[in-house]
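Okay, so chain A shows up in both of these, paired with chain B first and chain C after.
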Partner chain A sequence: MGIRIENIRKSYGTEQVLDGVNLEITDRSFFSVVAPTGAGKTTLLRILAGIEAADSGTVYYDGQDMADVAVQDRSVGMVYQEFINYPSLTVRENLASPLEVSDQNYSREEINRRVEETAEMLKIDHILNNLPEEVSGGEAQRTAISRALIKEPDYLFMDEPLANLDYKLREQLRSDFERLFSEQDTTVIYATPQAGDALAMSTHIGFLHDGNIIQDAPRDEIYFRPRHLPVAQFLGEPPMNVLSGTLIEDRSGDRFFELEDGTRIVAGTTGGSFPTLSTDREYLIGFRPQDMVYLNGDDPAEAHGEKTVISPDLAFVETVGSTSTLHLEYQGKEVYALNTGPVHMEAGSTLSFSLDPQKLYVYDPETGDLIAAGSKIPSFSQ
Partner chain B sequence: MKQRPWLFLLPALLLVSISAFIPLIAVMNYSQLTLLPGTQPYFSGLENFIAILEDEAFRGALYRQFIFSFLVLITEIPLGLGLAMCMPKEGPGVGVSLVLLGIPLLIPWNVVGIIWRVFTRSDIGVLPAAFDWVGYSYSVSSSTADAWWTVLAMDIWHWTPLVVLICYAGLQAIPQEYYMAAKIDRASPWKTFRYVTLPNLRGVLIIAVLLRLMDSFKIYAEPFVLTGGGPGNSTTFLSTYTSRMAIGGFQMGRGAATSLIYFFIVILLSFVIYIVMLNLGQGAGGDK
Partner chain C sequence: MAEIEVRDIRHVYDQGTSDETVAIERVNLTLKDGTANALLGPSGCGKTTLLQIISGLLQPTEGQILIDGEDVTDKPPEERDIAQVFQFPVIYDSMDVYDNLAFPLRNGGVPENEIDSRVQRISDLLELDDILHSSPSNLGPELNQLVALGRGIIRADTSAILFDEPMTDVEPSRKLTIRRRVKEAQQEFNITALYVTHDQHEALTFAEQVAIMRDGNLVQYDTGENLYQNPVNTFIGHFIGSPGMNLLDCTLSQKNGAPHAQLGPHSVPLKESLHPKLDLSWSDCQIGIRPSSVTVQVANPHDEADYAPAIVDQVEMVGGFQIITATLEDTDVEVKARVAHDFAIEKDASIWLSFPPDDIRFFHQQEAVGAA
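What follows is the complex of A and B.
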């Protein structure tokens, strides 16, 4: 059944943070609420958990209206950006504390068994006798997550739990989460501004924009079919490239998007791709950085058939881990391309990339809605 | 140019040496001399120290000092913390309560003494009149108990606000998430206080306790103005004793030796309390 919310509104002073949010989160899913910092993710999570009351709207758990159920009477756990553990209790005592104050009267053996099990699951069994201040940030957060999980709550809310960890620890915890929650019955609701985190772990993603969830869908669907421009540009690291161009059909029936400088991006033939688009109209053309194929020394004019070649200037290269992001400049706009492995290229040089028209996205310049997508982009039945 | 940093430190160093280091060294020097008016000073080694430690009046003052400081701490710290927890967290009430609390701190010691001296005067004072009304004969100049609790009340009135301000700042710095976590754990208000508020306040409480300990050891003006250390010697604390010895009794050497012993006691006590508080309640799983 899961969580369902209807028409949730919340404002602080004159600022409308949530403006009629509707959402359904199915049981046992890993649902990420993704949005830039300050968009209201934390507020939404707190309302869902029952820590904060909405101005209006209803929250249902398994179909039951939760308005009169206080947070401590719900089966929820909460993990925050800060590592929240009782400072004067050891890790073991911290893990045991939710069980000890519970009205279910767990026996000493039961508590010990659960502490050991949970600690092992989150790989903190070697620090059980330490104080929270004596362990590393990653371990402190693992302790906080264990504290939240030990009561086996139906719903676990996590508010940017990886934000205060360094890069390596994030990666580690991220892969642990994936493994952990695919085995658990717990439904996870996870708020993050990091598209990468959400795409790595979630089963479902909801994108919060201007006080509303503008798209929520299974992970692959929202990634491959972002229905609105903000979703497309936010979900993806680096973001989707967007150029604006006019759709033109020449006498032979070939269609292309003509950019401001006259460059033509092939859109296929009549009846080919994008048959529904009308010509002589302006569109926003989106393409993922990884779909820009670098033409290393190949003759750009030759053998690319239907594909378009664009030639931006290289601004600089950013190498993270084993992937290089090429920051390019094209018609005064920033465009990104990906390259596996570190590269050595001169800044300022002009590079050539080919684009597959079947991997293009077309957005409406006025509404920002997706109106067409290339045939090589996976589609999902609605 | 390697010496340049020292150049910038020089003014501060000069100030500290003139105000602290040099006087302290001078006192160390005096403490080993016999200095009596009209005679040549001469070196007498540890004689001054021995004489003081054997002096009944000194032991009495020290004993009273310990009791006084103990009472000050066990009243002002819990009271200050309690008041801080009652204060509003936001809204216009914050400014109002902070200003009200700040007022006693702005009043100089001797003025506090004079105010309370007027309060306690048998002819025009409000306290004797009030107690007379309920049938109790109140007098700071004849009753030891009255003198004691009046001096204590003065100190509590004057300095609890400092503890409140320190605790309030500390409380504001505790992330709300701790309280939410405790709530989700169904922790009782007492357990929330014991396992969330107190441990997170450890640092500021140490500062509050040390400040109040050192300050209460220095209490001088209040009993001096109120009772002059009486009745008898009952409100004579270490500072009163020291100044009497040095200035009233013209025994500068002994006075210097008393100050050093006094200084040593304060440092030692502060250190012990600091260490104890730093380790108090860590991993306290036993007493849940």
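What follows is the complex of A and C.
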């Protein structure tokens, strides 16, 4: 029951929104289309669901070309950013309505059974007799989702359904969705500009960039092995750090990336790490903020001979609970570090961090493509 | 800037009618001069009502608003010198960014050379130099929001600035940068600020002190660190933190001469300072522990006491970490634990959890016992 699309193009006037998108969405997966606002996520979703026609290209559901199948004849449900419920009907009647108007003549018993089951699953069974205006935003959105699910569609399309919700509700629903859909047969296609939402819920993520899905993969794979810089920098909270440096090998065979100011980022030895890279060439070196290990008081050089120590200036700290996001300035660039625990330091202080060479990513400065990654970064068989 | 005092404020909508709703029960709050404060709470907690009462858009049913000790309750908004940044940027499309920033000063008859130096200073601070002569209609919502902020703080005699969910329209990937510029402006100008939001991340990163409201009451007004470490009740424990504090229903038992929290068959030791404050006969008790404080072992720590076996129900990637949800063996107690983003763990795995006594908070009838 997967979806496959081939060479989908769509433009509005002179603006090419989708530029030959190819994509395969696995049956029963939770597939998130991630991109900044305005990149064409909603357009792609509407074309996939059959609400909007592509200029060219083909959409297949379970191998069948859907060009001539109208949206009402497809087994699809839709959930939008705005919760769409009938204000004059109770939550129970809202849930029942898609079954009542269906030409499948559901029996009263069947309708009741499905309403009860769906309401229980989405935790709205206690408000079935309320009107939509009497329930909270989160409950209203759960009602809208229940209405989309009650016909047990093969495909559920959700377009930023959490965008209008309170932070805490959003956190709860993210968790609920992940559990709910891991137990359902429905294939979910979910559009969001929030990398965090996609990382929390999805089984698969596709990143839309300049009219194309430039990478789609299981969640862990796209997170740990982002094949292109825009993916690496978008799918992270905070984003991956990137510095430019030249790979140098000294006489004893030690390799390092030399940054503009002469700082050396250890790259291991010849034949060890990054054997495929050529020396005396410039690369972009990426590392996750989580992998910058704050050296609090230790003598950095002695304690971490095998690792790089970099010492950026602290520009700004944000502490939320047990996590501090450090905004650092390093060689005129903004670099982030994520630290577990509060950091009580003044802006302007110089901090030291160690970097494990086996947690580095190396990107091609010309193409932005991933060309090497350290051995401690999880790998995935292709 | 100035000190703002909210004194005995109560607000009832449609008083005396059948639609009567109490929005604010009674709130007292002092925002010290030059401090960054946030007002945080779920939808319907009364935070927007309180904001409107402070700005003067709404007359409270009871109580006073004082600015530097002067009662301004009866004064209209324009006489309070309080600037506001709303959910969506309110700026003039017909003027360029420079003229938008200069507008409040020109209105106040400030000489042009002084206006220019003031605009420059704001522009430097908020990094608006490149767009000073652009039309707002060509800029995205986040830059417009910075312009609105700049216009709010440009007058030297502004007493305070109120923010009402200012990040609503800002692209998620740009929020980090915008938050930082807003915060730096607040620090640079020593602005007395009140930032209203439902998003704890924004509140905690912006404010030195955060006021948390629920159902028309102020529940706790405290530093971010205290709200996180020492919540006064289970509501704050759950509300602050992402995910919130684990709140685990327990009973009390006596073991080896000391009170323990009992989670089904598992006994959890409690720190000594709590012992004299506990009563073994209590019911409606919970222990609270942050997911980041729960220790996780993937190999059986046979010899080590105090580890409880559990089965992993769910693994989520949240905020740069993985959050494990696991059920303690022979119970239906679910515990969330935080581990590194690359910690190898799968659903259905067996793990062992421990709860360091110093990090455990104790709640009786939802209220914190023996707050530190």
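What we mean here is this: the second predicted complex is superposed on the first by the 378 of 382 C-alpha atoms of A that agree within 3 Å, B and C clash if a C-alpha of one lies under 4 Å from a C-alpha of the other, contacts with A are read in each partner's own complex, and residues count from 1 in each chain.
Here, a contact is a pair of C-beta atoms (placed from the backbone, for glycine too) under 8 Å apart; a residue touches a chain by one contact, two chains touch by 3 or more.
Computed from a predicted model, the values in this text were never measured in an experiment.
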{"item": "Combined model on chain A: chain C and chain B, fit or clash", "value": "fit"}
{"item": "Residue contacts on chain A - larger count, chain B or chain C", "value": "C"}
{"item": "First (chain B), second (chain C), both or neither touched by A:Ala200", "value": "second"}
{"item": "Touching partner for A:Leu131 - first (chain B), second (chain C), both, neither", "value": "first"}
{"item": "Touched partner set for A:Val71, first chain B, second chain C, both or neither", "value": "first"}
{"item": "Partner chain in contact with A:Tyr80 - chain B first, chain C second, else both or neither", "value": "first"}
{"item": "Partner chain(s) touched by A:Ser56 [first = chain B, second = chain C, both, neither]", "value": "neither"}
{"item": "Chain B versus chain C as contact partner of A:Ser97, first or second or both or neither", "value": "first"}
{"item": "Superposed arrangement (fit on chain A Cα atoms) - minimum chain B/chain C Cα distance in Å", "value": "5"}
{"item": "Chain C-facing residues of chain A, complex", "value": "36-37, 136-137, 166-169, 171, 174-175, 178-179, 193-196, 199-201, 219, 223-224, 234, 236-239, 288-290, 315-316, 318-323, 325, 327, 338, 340, 342, 376-378"}
{"item": "Residues on chain B engaged by chain A in the complex (per definition of touch)", "value": "175, 177-178, 180-181, 183-188, 191, 195-196, 198-200, 202, 281-285, 288"}
{"item": "Residues of chain A that touch chain B when the two form their complex", "value": "51, 71-72, 76-78, 80, 82, 84, 86-90, 92-93, 97-98, 100-103, 131, 147"}
{"item": "Touching residues (chain side chain C, partner chain A) in the complex", "value": "42-44, 171-173, 176, 179-180, 183-184, 198-201, 204-205, 224-225, 228, 238-244, 290, 292-293, 313-314, 316-321, 325, 338, 340-342, 344"}
